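So, here's a batch of structures to check.
Each of the next two complexes has chain A plus one other chain: chain B in the first, chain C in the second.
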Partner chain A sequence: MLTRLKTQVPLFSMNSYTKLREKLKLSGLSFASTHSHVIRLGRHSRHNSKMAVCIAVIAKENYPLFIRSVPIQNELKFHYTVHTSLDVVEEKISAVGKAMADQRELYLGLLYPTEDYKVYGYVTNSKVKFVIVVDSSNTSLRDNEIRSMFRKLHNSFTDVMCNPFYNPGDTIQSKAFDSIVSAMMVQAS
Partner chain B sequence: MSRQSNRTTDSKKMNAELFTLTYGALVTQLCKDYENDEEVNKQLDKMGYNIGVRLIEDFLARSSVGRCQDFRETADVIAKVAFKMYLGITPSVTNWSPAGDEFSLILESNPLVDFVELPDNHSSLVYSNLLCGVLRGALEMVQMAVAVKFSQDTLRGDNVTEIRMKFIKRMEENLPAGDE
Partner chain C sequence: MSIPDYMQCAEDHQTVLVVVQPVGIVPEDEFFRIYKRITSVAQVSIRDSQRNLYIRYRHHYLPENNEWGDFQTHRKVVGLISVTTCRSAKEWPQTSDRFHCQKDVFGATLYDSRLLVFGLQGEIAEQQRTDVAFYPSYDVCPDVEKRVEDFVESIFIVLETKRLDRATDKSGDKIPLLCVPFEKKDFVGLDTDSRHYKKRCQGRMRKHVGDLCLQAGMLQDALVHYHMAVELLRSVNDFLWLGAALEGLCSASVIFHYPGGTAGKASGREPSLAHGAQEVLIDAGALTANGISADTSSEIGRAKNCLGPEDIIEKYKEAISYYGKYKNAGVIELEACVKAVRVLAIQKRAMEASEFLQNAVYINLGQLSEEEKIQRYSILSELYHLIGFHRKSAFFKRVAAMQCVAPTIPEPGWRACYKLLLETLSGYSLCLDPKDFSKGSHRGWAAVQVRLLHELVYASRRMGNPGLSVRHLSFLLQTMLDLLSDKEKKEVTQSLENYTSKCPGGMEVLTLPDGLKLPPVPLSKLPIVRSVKLLDLPVSLRPHKQKGLLENNMSSKSPFIYSPIIMHTRGEERTKKIEFRWVQGDVCEVQLMVYNPMPFELRVEHMGLLTSGVEFEALPAALSLPAESGLYPVTLVGVPRTAGNINVNGYHTSVFGVTSDCLLDGLPSVRTSGCVVEVIPSLPRLQLSTSLPRSAHPLRPSKEELSSSVSVQLFNGETQQLIITLENIGSEDLETLEVTSKACNTKEKLFGEFLSWDLEEAVSQLPLKPGQSVTLTVNVKVRLDFSGGENLLQDLNDDGISVTGLPISSPLRQVLKPRAETKPLGSESSKTDYNHVKHLWLAITYAQQHTTSHPGPLDHSLSLYTYLLALLHNLEVFKGAEKGKPGQIIMNKY
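Then we have the complex of A and B:
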């Protein structure tokens, strides 16, 4: 728990809660305060651990339908990261032979880690790919949380598809989809 | 031909999506064909009218409600029986005008507009205008001339969907004029 404190504190902006945590850490923690700490920290970190740094939706022809990243100034880097991750996705899809095609899971897992980021992938049966990039230092993000993020994305994407005004192949401009994605992204500090 | 009302709730969910998608495809095709929101609204109203004049027979057969004594009773029957039967929702009847000839139907949810987001270039499109036509056509078959329009729409950013119905006159018993 304390190691988690160490990694959490520099990452996120020092709000009043973080300052309190720092103070308590320095003054020596009693179990009660640690415990309430841990519970509240758990909630706090869970709130932050569901945060991606970049989310992208790629069509089956491998062009982006939607790409959003935080912070905005590094967008090009994320475009590049997502683009290179497509190779890994292709590899993973084709790795499973034809006989096992129906057993392949939609969630692809960690595609590749870079020094700064971890990239996760998910492919639908219609070959639409979702890519989530998270910060490498965000170690508390668990596999099933990523899975649930992908599930939410997939459901949201299905809703976008059902919009009769959306033509498959267009960029996604749905406000509902935007709000789901924003809820999953790190708050810009 | 006896038509039992065997609507169970188990298959409703799938039918609703297909219905919503079908209606959506209809509206977008109309938009592509006419390219003018006002024209599309008119066409939807016409189509609704044609549905309404036929639907009223089905409704009267299935629901066996008697002749309504006044407009208030009509409003209640529309909201509580008709909408429930065909769309599975029960709007609330509110905003009666002082003369008692105008009221509003407030729909919390509209099954026609699930998943729909109006793009910016169709800002004057009344997406569910078919409903207005249906109500108008159905009531015309029971000798009531009404004017129906949407005064609030969730697709335009309002919280609820509101249909405003105004009673115009009671019609003489005459043969239906036929489809428009």
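Then we have the complex of A and C:
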């Protein structure tokens, strides 16, 4: 528990996970049901989570080419999660100097941990971003596995781009891509 | 301490806190006028010491926060300035009492206080008192600033004494234990003689002295004290105070590194004075030599004491993690986070700053009131904005907006909610100007944008401004149409109709109270227009340029007879001028190809043309387009009322109660074949009727010519009169009339003069006033020379003149019957005959010349246009096929 938290909040290793939770609950960050999509910090039932809960592909101009999430009823929440994560992505890209851009690693690592999820990022050389959201209770997932997921995603995306009938900049509707994504996603139980 | 001060920044540690409060009844605006003058004295340089004292003013401060004053001295209220109104000497004792009561609130920590009395004159005001200043009115108080400066100086003296007092405390004396409010009960019954306890006391005191040094403008000494405090406190694991000592170290280092301040705004600190801190450093050695700070070892190098930019952040992290151990120190932790973020923002280290902010989100401050929550989210948003995380910032601002209208709030602040939502627009890369949107290059995150627009609509409705709702809904419909599902489209349009029933949407710019302008949103996608095509007038009304007059116009363009340089200008191409012309006063048509993208029937009302250049009366049309219709032609009509060049630049619609003017310039997807057309002054119109029956087989000789066919059957040599009545049905006078004839068949060897007329009589009646008519008699005489034999017949045949009973067409001969009388064409009995009858077409061209009477600004050549009216005669020529004279052609009557 503690080791995981260290990776999650490297800055505040003294904060135990339970304290964090407690803080969350007490800080009153909960919203009216009408705006429940905003951020619900309360606990909610978990799925049999194994892998990603949301996968998004974002164009160079920062609009979504593809976004798919597991709990359909709360899709907008993931939109917000992914959207805000772009700040971190941009910051990370710009942090790497221009000279280094060629050797830059595509995998950006953990973008930021939210209360319920961990958000990972990956940027292709053409500045197309991949974002994978993982349930933060999912401790079994190693960094390597996330990397391999991104690699798979990238390969499949390359295939999509190779399709002469695909217009770059359009939303991705490829079935092959979709099935790759589905394979990475948690099956809601 | 429950309410954090989110505006705090690291350099606030060097300020002394002064509370300015009204006593009794003081008008608010007057108070704040005085308050503003007082706060202008934010920094006072102390005489003889080259040090600066910074003052932080508050007009509201919780006494419970004051209790943390020992922990961090900048939280301690050391000065009180009261502002009061006193009308008469009678009120004075009461006022004075009130002032003393107020003093007691912060009594324990106050170094000094002042009372500013306004309105009192007379005996009491005469007396000279240091703690009370009298002014006759709020307007006449010239030396307020001076007074405040004096007051600050007196605070400085107390501060300096305290500092020296504490600093010179030798460890031999008993050092009191400083503690924060919640610790007090923890130390009951503790062994006060243990080394551990003593060290703790020492450490805390050292830290306290550091604070005082910092406030007194002795940065270098402060650093030394803080370093020592850190050592001491670390050894006894006094985490809360260790955190405070570390934070003090950070603050002092920040003040050293960033003299401009970290608050972003100048916050009343002038840049020239910001060098004060450095001056202090330069003089620090001298000051220590003076023996002011006896305890600090001057041999410790300055650079060593001061933390580097990296270290500052490290130490902040450490301090915050120590604060985090104490539930009751949440506010301190939160404020430390905020301060660290501001420092990181200056260092441009957004990633680390975001980690601090992420932590700040999780800090629990117990039960927060709704306002506090809003404030907290707003400040988070502001800080995220500061570090360049605009999306995150927008997210929290939106959360704050939602908090304003949380159902737990009895009176939801829709206005505030709306205002906050508007501020989030940039974070979601949304601009409320549809023009920006149609440029196409920028595409945002549609799902969140749609959501935000919905919320804007809802908030504006709840704050009772349906006009805004309509505007936002139109924007939503216009820009996000492709992204809405069928169900959403239906919902949006339904609510739009609901709102427009209360407040119809228009094209005016809406201006919000805070000056934001909402540009109009033309619904150019309801329906979508694919192409705009200006139509020529119907053939009968088309103007023709009169021949002979147009040539001289052409040559006048260039003085050269020949030039190899092709004179073509790009500008001309762009104006897209069309070949044909429209006529003033005539109904002109424009064809639009439109389609309805909605999954339901779309009713478009008042669809009309928008034009410029010429006065134009658009005749609006209403149309109803079926669901998801394909391309649908719509013809919009209008009447130009003046002459000149008309530019059809858009169209006007009214859909769901929203009227919109869609300009073609803003619609790049619309194809046009030119939109500028010349309108010429109005021309007379003639209606033509003849005495002869209409032809059953009307013929179109060519597209260009107008034809009205009549037919007549004649035998060779026969003459018939044709009376043509011309009626002026237009509104202009007809001034000239010309008649020419032309045979369709051009083999002139064939015919003599078929037609003859006398124009004199008709011309004498000119000019023809509107409504008047003139008759013209035309004689039709057939005189064919059949002596040429078969050739003529052949030629006639070729030319479309049929000669029945032709010998060469012998099989037909038997079929032919003698005709009884000349009968009108089209009668039933003769029907069979027509199979063998061909027609001789003759065209009579009536040329009506119209010379415009108004000189106007028009080109002179324009005045001479003519209508070409072609009257076509269907002339049948029968060959007499009399028995007994085979082969001889005699044209005669049966």
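Everything below uses one rule, namely that the second predicted complex is superposed on the first by the 139 of 189 C-alpha atoms of A that agree within 3 Å, B and C clash if a C-alpha of one lies under 4 Å from a C-alpha of the other, contacts with A are read in each partner's own complex, and residues count from 1 in each chain.
Note that in this section a contact is a pair of C-beta atoms (placed from the backbone, for glycine too) under 8 Å apart; a residue touches a chain by one contact, two chains touch by 3 or more.
Not measured: the values here are computed from a predicted model.
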item	value
First (chain B), second (chain C), both or neither touched by A:A95	second
Which superposed partner A:S174 touches (first chain B, second chain C, both, neither)	first
Touched partner set for A:Y63, first chain B, second chain C, both or neither	second
Chain B versus chain C as contact partner of A:A183, first or second or both or neither	neither
A:L86 touches, of chain B and chain C: first, second, both or neither?	second
Partner, of chain C and chain B, that touches more residues belonging to chain A	C
Partner chain(s) touched by A:L110 [first = chain B, second = chain C, both, neither]	neither
Intersection of chain A interface sets (partners chain B, chain C)	none
Chain B contact footprint on chain A (complex, rising order)	159-160, 162-166, 173-176
Residue ranges of chain B touching chain A (in the complex, touch as defined)	17, 20-21, 23-25, 27-28, 114-119, 122
Complex contacts: residues of chain A adjacent to chain C	9-15, 19-20, 22-24, 26-29, 31-32, 34-35, 37-39, 59, 61-64, 67, 75-76, 79-80, 83-84, 86-88, 91-92, 95, 112-113
Residues of chain C defined as touching chain A within the complex	317, 320-322, 324-325, 350-352, 354-356, 358-359, 361-368, 373, 384, 388-392, 395, 398-399, 402-403, 406-408, 428-429, 441-448, 451
